[in-house]
Amino acid sequence: MDQFVLTEAVARPYHSNMSVKPDRTEAVVLVTCPDRPGIVARVTSSLDQVGANILDASQHTDVEGSMFLQRLHVSWPDESPEPESVHDVLTELGEELDLSWRIRWGHAPRHVAIFVSKMDHCLHDLLLLRRDGELNCRIPLVISNHPDLEETANQFNIPFHHVPVDSSGDPEAESRQLALLEAHDIDLVVLARYMRVLSPDFINRYQDRIINIHHSFLPAFAGGRPYHQAHRKGVKLIGATAHYATPELDEGPIIEQGVIRVSHRDSVQDMVRKGRDIERTVLARAVRWHLEDRIVVHGNRAVVFD
Amino acid sequence: MDQFVLTEAVARPYHSNMSVKPDRTEAVVLVTCPDRPGIVARVTSSLDQVGANILDASQHTDVEGSMFLQRLHVSWPDESPEPESVHDVLTELGEELDLSWRIRWGHAPRHVAIFVSKMDHCLHDLLLLRRDGELNCRIPLVISNHPDLEETANQFNIPFHHVPVDSSGDPEAESRQLALLEAHDIDLVVLARYMRVLSPDFINRYQDRIINIHHSFLPAFAGGRPYHQAHRKGVKLIGATAHYATPELDEGPIIEQGVIRVSHRDSVQDMVRKGRDIERTVLARAVRWHLEDRIVVHGNRAVVFD
Amino acid sequence: MDQFVLTEAVARPYHSNMSVKPDRTEAVVLVTCPDRPGIVARVTSSLDQVGANILDASQHTDVEGSMFLQRLHVSWPDESPEPESVHDVLTELGEELDLSWRIRWGHAPRHVAIFVSKMDHCLHDLLLLRRDGELNCRIPLVISNHPDLEETANQFNIPFHHVPVDSSGDPEAESRQLALLEAHDIDLVVLARYMRVLSPDFINRYQDRIINIHHSFLPAFAGGRPYHQAHRKGVKLIGATAHYATPELDEGPIIEQGVIRVSHRDSVQDMVRKGRDIERTVLARAVRWHLEDRIVVHGNRAVVFD
Amino acid sequence: MDQFVLTEAVARPYHSNMSVKPDRTEAVVLVTCPDRPGIVARVTSSLDQVGANILDASQHTDVEGSMFLQRLHVSWPDESPEPESVHDVLTELGEELDLSWRIRWGHAPRHVAIFVSKMDHCLHDLLLLRRDGELNCRIPLVISNHPDLEETANQFNIPFHHVPVDSSGDPEAESRQLALLEAHDIDLVVLARYMRVLSPDFINRYQDRIINIHHSFLPAFAGGRPYHQAHRKGVKLIGATAHYATPELDEGPIIEQGVIRVSHRDSVQDMVRKGRDIERTVLARAVRWHLEDRIVVHGNRAVVFD
């Protein structure tokens, strides 16, 4: 699976689900294509041609895969452009250079669903960041396999849906969950310490659009009870990993990781407590980068333009 | 294997191989015994009884194993004690409390052999620290399966022994290595990026006295070419792990770990370069703690009294 | 002012304000005295004498000041001791060794008042930790010079008091604040991004019992708008510092510090956002250590037995 | 002094002092100009016009100063360009956009002089990195006010010059130092724990070309004996700062900073030891970035394109 995943933009423009008129004076453009000389000049002059000013451009050339990836943050200083004309010029470029592209128009918040179980530290942090304007998204619902966190969601005026799940991959529960996601036109699912495993079918529907936080420094301690595993092993640092979910458990592209020191004095319970801070920080960072279109998945790796 | 490894002290007092008269006004005492009320008071009053002043005492109770571990740094402010009287009081305590103990008299430097292959960043660092008095040890020899680092060893006036090794566990080579270790009365073997695997027999002879630096954040990426593994996986932090060698490769008790950030921009070669700083720092710290008798191995975990 | 501050225990036993019966099977004892041989043995055997089992003992000798500091976590495995007998043995020891001591009986939560202004990330974190049992205290009230955070306090069922403050040190406002603190028998005041300066008189009443979070890596960028100062200076790391308040602004004993990387790409606003995580983590750690009696103030330094 | 310092390129092309023929198939171009729409497209198409392929382009817009800064790593995949034609197109661009530029042709190593006093950990690290090809430079000489490190320099076959210095700013000593720098056509001076202060006149001659390592987290603890200051203050983290020297001591643009944890247990001597690792790592990183033309000084801040 060594190819780029930018097909979403073609199939379904990011801004299609916006009830508000998107701000067309700013946009993020992501492009990928086989590497060759002259791409940067070609892309920038094409955008210049439709009046775009390039505020920031980052690129990465994957030497092994010979692929070129670029993120451009552009604005139109004078007047809003016609989206069609911008799309046309990108389409033309795409044909010429065998280039995939996607564009997101400014201030068009995506719809995010948060899945939780009983622990609320990650949920709380995401809701606070959203409230403070640090996460550019809407959160139309929280879904949980337990009723415990309803009050937390309500404190932030977010509808809470209790969907009991018999066991990981429970098809009836997943049907209910999927129906909720579709009803709210969800773009991104965040598993904020959700303790059930989703079925491959569910995950494939939201490829590269499900972010999970795993409470270990992956690939160490994949699977269940990672702090217990870490304690048994006697590691001197514990960590957390935010990654896109793939059908292979805890194997998806890593977006962000963090660690904190522990010692022999720390019990499993101490590790759980210390891990809290890392988990929520790492998850919040990954979600923010996704919402700012800073991530391109390439093979099994996540390129983050930070 | 859930028991304490303090037998070395009984079989062979740490200070027996010293040609210099040990400084008997300071010592480090390590004790372990089944946990029960009153141990701290019993140990400290026994030491008080033979004139010892306790400069520093740290202890740890392993709740699962119900074991008590203590490190005491003691001094005799007035005059040097008779070592026999100190040993007697500890032996008596040992019988009473089912307690294992070992004592190291102050400023009695241990003999350390450093094993290397071709990379010298860890070797350099250890030799500089030794020269500056930061590592309390003698380094009578450097052993390598390649001739490359002879000059580095010589710059620091350390004899260099080139012992070619056909493949990991080569019995003839190991015989030569062991003969060298015995000839120099070696207490500690440091594998400073030595790229051969030692045989279980070799390792068992120096149980808990071989420190290896592995260039990954174990248990992730055990085995060969860990930076290549880390690059392929797309992790966002790389690390290094200093651990005691056991017959199971890269599975021994972890003494210290460190990490450094990487990104998609870093090639394997960049990771190698960034890892250098972590490897040498983590290894140097582990060696220093060992030489200061701050480590007690308990089951498969290393308790570090830092 | 180079002397130890353990007088609080004498003037007012920590557990005096508890309406619940304290758990007398566990206690933390802090002692300080001029350094001399034999102290550890004397203290431990005195505690042994009244039936105490020493779970954990840490000590520190301040070489320059020739002072000895020790923290002992003790328990009575069989039955609760008479507090008076424990106090008697410590008092006797105090007279003999010129030793100051204080004791806190287990599970006797202190009363904490949190002062805030408009930002709630630190407040939120403290209230969540308190709710989850990570902070062993009661929080009878939140005091603010602004009405904004009333709802946050109420979500956690904490009474909120809006005390407007004309300018830093406003005597009328401080009278009202002090009356509230006294009415609730407050042991610790936490300034969780409270943006007014307290008068020296206020601070002296709660010496070593007011913890402030300053949003810079002190002593760099003391005073107002530290992130603006940091941005102007072009530092590559920003930080946060939890310290005891003293009459000299931002000069009190440092309890804990943390940092996070920034670059030229970060605006002041980005620094504010990144600093959030550090501020709340550093403050929460400092408050927890205080509540676990892990901190002894010595001169202008805070010794933390972690 | 809020303007860009790119004048060096005009006055004296970086590659003028190369005895080897520079590799003209790769170059780094740094440009700065007042911000306005369309710059990125203009610069990239101008370079495209002379056959350059853009491998990597980073830019930064300083919002306050309304300045645009860009670093471009370019190559000519087919054949070496005429440097004159590249310079012409950049000069033309410069006039049109009020743009300053400098270009460094690939693999043209700069000449670096290292100043030391008695400590060698930073010197050792730079010499090892240079030897291993991690620093693209020549080091024609080491200059010291003490004779101690002659042997270290000689081990790496670097000529060592002992220039005694009566006191900071000693004009005779500086004349000798400057003569040596000129004789070896030095581009960069690295103060690797050099314990004398250079005169403003000396510093101005090498503006933005003298890198100093200060052993504290600036702006905290500027001036002498920073570890003593840090110990007295009781900070919980110590640090190191690499910066360009300016006539105001320890006030120049900060290139890189690092920190490490300390506690009350650490004496000044422990801090010195722990600081070693940070100092050498931070300094080596700053020198590498300078040699890779990743740094642009803007006002009193160093923009690092990493």
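We call the chains A, B, C and D, going by the order they appear; numbering starts again at 1 in every chain.
Everything that follows uses one rule, which is that contacts are C-beta pairs under 8 Å (C-beta built on N, C-alpha and C of every residue); 3 or more make two chains touch, one makes a residue touch a chain.
All of these numbers come straight from a predicted model, not from anything done at the bench.
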{"item": "Chain located farthest away, centre of chain C as origin (C-alpha)", "value": "D"}
{"item": "Comparison of A-C and A-D by number of C-beta pairs in contact, larger one", "value": "A-D"}
{"item": "Whole-Å separation of chain centres (CA-atom averages), chain C against chain D", "value": "43"}
{"item": "CA centroid of chain A to CA centroid of chain D, Å", "value": "38"}
{"item": "Whole-Å separation of chain centres (CA-atom averages), chain A against chain C", "value": "39"}
{"item": "Numbers and ranges of chain A residues touching at least 2 other chains", "value": "none"}
{"item": "Residues of chain C defined as touching chain D within the complex", "value": "60, 62-63, 217-221, 233-237, 239, 253-259, 263-265, 267, 298, 300-304, 306"}
{"item": "Touch list for chain A against partner chain C, complex", "value": "120-121, 124, 128, 134, 155, 273, 277, 281"}
{"item": "Partner chain B, residues of chain C touching it in the complex", "value": "37-42, 44-45, 47-48, 53-59, 61, 77"}
